[in-house]
Amino acid sequence: MSTTNHPALTPVPDPGPQTTATTAPRRSLRSLFARHTYLFALGLALALLVANLVNQPNFGATSQLANLAPLGIAAMASVPSIMSGRGGIDLSISPLMTLSALLYATQLHPIGLGGYVALPVLMVTGALVGTLTGLLIVVGRLQPIVVTLAMFFVLTGVDLKLAPSPTTVSGTWMANFAGSMGPVPGGLVALAIPVAVWLLITRLTTYGSLLRSVGGNDVTAFTSGVPVGAVRVLAYAMGGAMAAVGGLVLIGLASTAEAGTSSAYTLIAIAAVALGGIPLQGGGGGIANALAGAAAIYLLQSLLGVLQVSQTWLQVIYGALLISAVLFGAIAARELKAGR
Amino acid sequence: MATHPLTAEPDTVLAVDGLRKHFGPTVALRNAGLRLLPGEVHALVGENGSGKSTLVKILSGVHRPDVGSMEVGGRPFAPRMPAQALRAGIDTVFQEVLGVENRTVLDNLWLGADGLLRPVSRDAGRRAKAEKILTALLVTPPPLDIPFGALQLSDRQTCCITRSLLRDPKVLILDEATSALDYDTRTRLFSLLKERAAQGMSIVLITHRMDEIREIADRVTVLRSGETVATLDADWDHDEMIRLMTGGAHLVQDTVRVAADAADTAERPVVQRVRGSRLRPGGAPCDAVFRQGEIVGLAGLEGHGQDEFLRLLLGHGDTEGVVRIDGDREHRVTDPRRARDLGIAYVPRDRRGESILPWFSILDNFAIATAGQDVRRGLLSGRSAEKRFGHYVERLNIKYGRTSDAITTLSGGNQQKVVIARWLASQPKVLLLNDPTRGIDVGAKRDLYRLLRELSRLGLTVVMLSSEVDEHVELMDRVLVFREGSLAAELAHEELSRERLVDAFFGGAAVTA
Amino acid sequence: MMTTQQDSLSAAEAAPGVDAATSGADSAEVRPTPSAGQWLLSLQRRFPLVQVLLTVAVFAWGAATMPGFLEPTSIRSVLVLCALAGLASIGQTLVVLIRGIDLSLAGFIVVGAVTVTRFSDVPGVPLPVMLAVAVACGATAGGLVGYMCHRFAIHPIIVTLAAGSIAVGVTAVLSGGGYGAGAPGWATRLSSPMSSTFGIPVPPVVVIWVLATAVVSVLLHRTLPGRRLLATGAGPVAADLAHISTRKVWVTVYAISAALAVLAGVVLAGFAGNVDNRLGNPYLFLSIAAVVLGGTAFGGPGSYTRTTVGVLLLTVVSTVLVGMGFQEADQQILNGVVILAAMAVYGRERRLRDQV
Amino acid sequence: MNRSTHRRARTRVVASSSGIVLTVLLAGCGGSSGSVGNGAAGGGTTEAKGKASADCGQVPTIAPKDPDGAVKELPAELQKAYNAYGEEVFASAWRDRKALGRPAKVGFSYLPTSNAYAAAVVKQLEASFAKAKADGLVKGKLVKRIMTDPATMTPAEQIRGYNELVDSGVDVIYVTPLSGDAMVAAVDAAGKKGIVTVALSSTIRSKYAVNVAENSYLNIAEPTALVAEQLKGKGNVAVVRGFQGLSAETIGYKAVKDVLAACPDMKVIGEVNGAYVPPVAKGELLKFLSSHPQKIDMVAQLGVMGSGVYAAFESTGRDTPKVVDAGASASSLASWEKLAADGYETAGTGGNGTQQAKAWFDVGMLVLQGAGPKVGTITREPSVITKDNLADYLPQGAKPSDLGEVKDGEPWMPEEYLAQFFDNPAKN
């Protein structure tokens, strides 16, 4: 938060940068953590995973993966907008997920587009909604949180209009997401799709580098001839496309689409991203962070369930753990900064 | 020495005429013009606030002119954004060092080179090209894979220049891009520039350093308060240049300038002292005293320790040896709050980021540090603040509409005045200023100098970090010169001259303190 | 998130002036007086003109098209709803003004509500004491949140989220999961549209709200602490350099926000009659929407009066929508559209080109 | 039908708690939703069958969807309970299940309890479990799964917990579903592994699930019909809808529409969204009332929001209309009683979690002992609260501000009632 770091008062970059500048970064654990910010969340997730396995002999990886998918995808979908900087954030991811589920159940499935065909169709739709959000932010020069809050309301309303009551679509292709596709767990596939989208666009094209640059310092990017506006809009579009997949997983899991889930993942997804160690001021991190963060939160919830924590205490413990996780993350991050 | 009329020449690369540009209330350019020949190094000079940067920003597509014509290679040229200017072959390195700190050096070097969604070019060629130029410019080029943020200022600046050179533009504009470079790099850069120029690249060089202009510029265009006043050939004469830039007068008018003679100052009581404090771990310890009513300048190439020193006086860093002396009592300056209580006030450098509260009114911006004095029966009294503000309005000659206007409606100069008034209101004994005249217009500067003089006469000690050599030469009683993180030299007023100073910057025969 | 927002309101035309100056422009000439449009903009910047006009328009329309819309009881009950939402969003306003956000609101509302319903008749402990304790606990928790966010530079969104969940949890633990008897009569009377205050035919809660608005506004804009709060939002670094302890501000503001939420909970419990742990939920997004709609930007400028207007607008609009038989879905959509419309008028960010 | 309704109301003092109570009260939680029972392509499932054909003040007779003819087999008296039942009623896959022959391992998947009813259900289930353990029917501990974060409470979340129970090798799973439909796939899978699922209050349309549920349609329709009759089929009606997006809500809404369809002189002047949360209902009603000065004779609320409706009218000082008090609470009944002094009369349905949970647990045990359920969904005719039997439900000294449930009244699905749904209950 810009409220705390203090240009005038924080130590000047570093005394002998000449030395650090010329010698390649030390391959120490510290620099490793510094380069891969998701490692903290990942470690946390692994620890929780072990705890789960211990307390729950037959953990059922397939179903667990499937259940992780919605939160994981919601978190991943929040990443591009946050990375694009200038307070970028997308509160409308969750209702968008529900929207794609409802579109599938009420529009596509009835006209026989029940199969995997629906996937690209809905991803495009999601991308379009995202583009609209992005345009409102970039062209309208409005605060992202304001625009996406408005979109949150609008989409929630649209969801309700689409399906006044839950729509059942049992036994569709999407059910595979809950089960397994051949040898591969469906959940894994579901998670793989957004990851693939992300990797294809950010690794194979120059976009990834541009997105990080824009998030890191949009003025520089702008003066160096980067189409900053386009980069931002595309970020929201990507988020939309990813969210669409999440909606389909929800269908796969519950074989129903209901407007009620509209707001379910809004905040928890951002929490996951933050826990994953992505700076909310943008520029840093990647999709791995979101996945790690989501996994950590998911496993935490799962563990608390397994441990039969009484319901009255559940929320207390859950909240406390959530805070301490973020706290450790922040302290670790600051340690690393100091170490660099 | 002839001043060219701005007549179109057959093979101009870039022809600019009658540019006019205003921002809100302020007019940045009135009638700016420029002719650029292929393969020439063209210096663009003028005081701060003469509109150089604005002209550059128009050329580079950041801003668009209100009126005026621009042509590149004979074809009309009206970039709507930097990308378009770059496509037209006009590449700019801006005054503020611009880099993405969290990206690697290599990414920064090729930033913007390829459009949205192009396949990533994995060709080692880029690496090679980048290394080639970097090695040409730096003795020890930084590894390309470390984050840009890890570089020190000089290297960052070099990278920004490299970024532009890599694109091999028709026209390369360097907007005070050499200020942060260390001596060696600068000479290497110039030789490289000459080389490129020989190959036909046109270069616009904006700098305050006469020596640089001498060294490299084929022609010089002079701007004064938003107007192109002349274009000179290489054989220009120094005084003539100054005259054209300032429209006569020296920066500090003689009326203001009261050379406080050394003898006099020597007796004055010491108000603050630094003994054996290190600016950077491993740096040499430095000692200095500041006497009542003197104006001391902190000089040096950017990032050579003067900032740390200023912050040291304010109570940051190794404050072990920093004391504020009040008559016979000595108080250690342990931290900023303590410093404030001891009557040490600080005017930061980055006005937008560190000084002004953007949406606050002029009055509130003035009062924020001393609002406690305006509390009447628990409530803040606007009238009381007005009254206090009144004292400074004419002394600093602050121009404003209503005190209730947002501070951002003022020009940079007047904003700075308000900020300074803010701190004067806290009745300081020592006033620390961090490059207060950076990017404010000449008029405001003069007012400021006058005020500082007056205050020092009234016994206020002023310590002022400045990046402008002339300021030191003409305003300061003493100048402390910093090099590589330690106090390198101390020059008394009478021994001050641009040459001595610049010399000291680069560690020449310095008069050690 | 919101921490990067720079003076989004004042930016529109003022900012370039600055940058012209910083980038070295000469301010010799001053252009003729700004156009009418600019004048309106500057007015809008001082006062939520658009929102007020919208509110009046919608209200007038409602009055014209619907019978009984102007009857005292009708207006009273609408005012009560406004007051409830308004009281719930005081804290949110303050928090937003320092570039934060408070998602623990709903949680602390439940704390207050349960205190008054469940612990109103603990033997030996008079209710006022009980409430004081609850408020104190809330304040402490809130302060802790503020401290953590500032000290470790954690974004408030997740900390407050967790804090809210803890608050609900703790109350559940203390109240043994039960929800006790209903709110005492006095609490119910506070928010009953028919009850009057010292003879004035206005429900107490509305009076309280009006008073709160006045008090908060004065504290915020006319006192030293208020000024420090605003400065912290306007320019954290500058504020720090002006020897304002921004951390102290953060701790205080979050503490206050939580405490006020607890008190709001008491009133809401009275309105609801009986309480369960979802009581606060509707007021979380509502408070954010009201602040945003009022035109308070993250880090300011802004004021509680703006939020008040935002609340009025939201409530009047939804009342009219309900009256016209709009269904929930349409109401949601229109909420979003209204927010966008109101912000699009003036809530602009600085252009990138002005920041070079 | 008319008379019979009265008779039933007089003779039978039955407590009934609408199935929606549990699910929707929880569903509202954290703004998340659940869905009860069916809702194939837009809910409103009863539309399929014949249209409401009844006089004003009567409950239309609509044959249940009975694909396996399971309902037909039941005694005629029982069949009445399935009138207009919202979801399909299947035959049970467990009809021929052999007795377990050993103490059973029991799983329990429930939702965060946010109200007295849900709390009571959990409490009673644990009590029943303890008792059954003493009788040697079950062993070990009750394996529980609950959603950690109410904010992210989605059907998917519950299914995850359910699957974990399945993996943990229990014999029977008691579940209070957030969404009946969402569970189907999971329940089928579990069923194929021989795990019995017993659902309370919302219908899981799987032959492997034994549903113990209220008849959502009748639960609204009967009191509404009564009130309509009290009003002589004349007057203005305001409808307070529940959490839209739930199929129970859709069914209940349909019920109101059907009943009023037979009353040409009853005019619906508006609808508001109560979201099944009394305070919300109150707030929305206040908005509604401020634009509707005209007299309102009847408020048809779709369950559990009675207290909110009473509060709204009381606080505006307007005379309280007849509130259809489906899913009555101590609070709403107290308000009713207060008004009853000056001849106020209405109708509602009551019930509490304790008695439901008891029957619920017994059903599961019966199935495990191979009692052979004849039908996959066990329901009952909702019993109506009228001024005659009001006292039987109203807890002593209940205040309008109370949160408690209504009193038991007559047992809800007592053993002999349940017995009629099994081939050989004798084993028990």
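So that you can tell them apart, the chains are marked A, B, C and D in the order they are listed, and the count of residues begins at 1 in each.
The criterion applied here is as follows: a contact is a pair of C-beta atoms (placed from the backbone, for glycine too) under 8 Å apart; a residue touches a chain by one contact, two chains touch by 3 or more.
From a predicted model like this one, the values you see are computed outputs, not experimental measurements.
Chain pairs A-B and A-C differ in how many C-beta pairs are in contact, and the one with more is A-C. Using mean Cα coordinates as chain centres, the one most removed from chain C is B. With centres set at the average Cα position, the gap from chain A to chain B is 42 Å. For the pair chain B and chain D, the distance between mean C-alpha positions equals 75 Å. Inter-chain spacing, taken between the CA centroids of chain A and chain C, is 28 Å.
Between the CA-based centres of chain A and chain D the separation comes to 38 Å, rounded to the whole angstrom. Looking at chain B, one finds that residues 62, 81, 94, 336, 348, 353-354 touch two or more other chains.
Contact of a single residue of chain C with at least two other chains is seen at positions 165, 177, 237, 241, 327-329, 353, 356.
Across the assembly, chain A contributes residues 7-9, 160, 164, 219, 222-223, 267, 311, 314-315, 318 that each touch 2 or more other chains. In this structure, the chains touch in the following pairs: A-B, A-C, A-D, B-C, C-D.
Looking at the complex, you find that chain A touches chain D at residues 56, 58-60, 63-64, 67, 70-71, 106, 110, 160, 163-168, 170, 175, 178, 250, 253-256, 258-265, 267-268, 300-302, 304-306, 308, 311, 314-315, 318. Interface residues of chain B, counted against chain A in their complex, comprise 60, 62, 81-83, 85-87, 92, 94, 98-103, 107, 111-112, 114-120, 140, 142-143, 145-146, 149-152, 155, 163, 280-283, 303, 307-308, 311, 316-317, 336, 348, 350, 353-354, 485.
Of all residues in chain D, only 27, 30-35, 38-44, 112-113, 141, 143-157, 159-161, 163-164, 167-169, 179, 181-182, 184-185, 243-247, 249-250 touch chain A in the complex they form.
Of all residues in chain A, those touching chain B in their complex are 7-9, 11-18, 20-22, 24-25, 201, 203-207, 209-210, 212-213, 216-217, 219-227, 230-231, 234, 283-284, 340. Residues 22-30, 48-54, 57, 62-63, 81, 94-96, 225-226, 336-337, 340, 346, 348, 351-360, 364, 368-369, 371-372, 375, 378-380, 406, 408-415, 422, 439-443 of chain B touch chain C in their complex.
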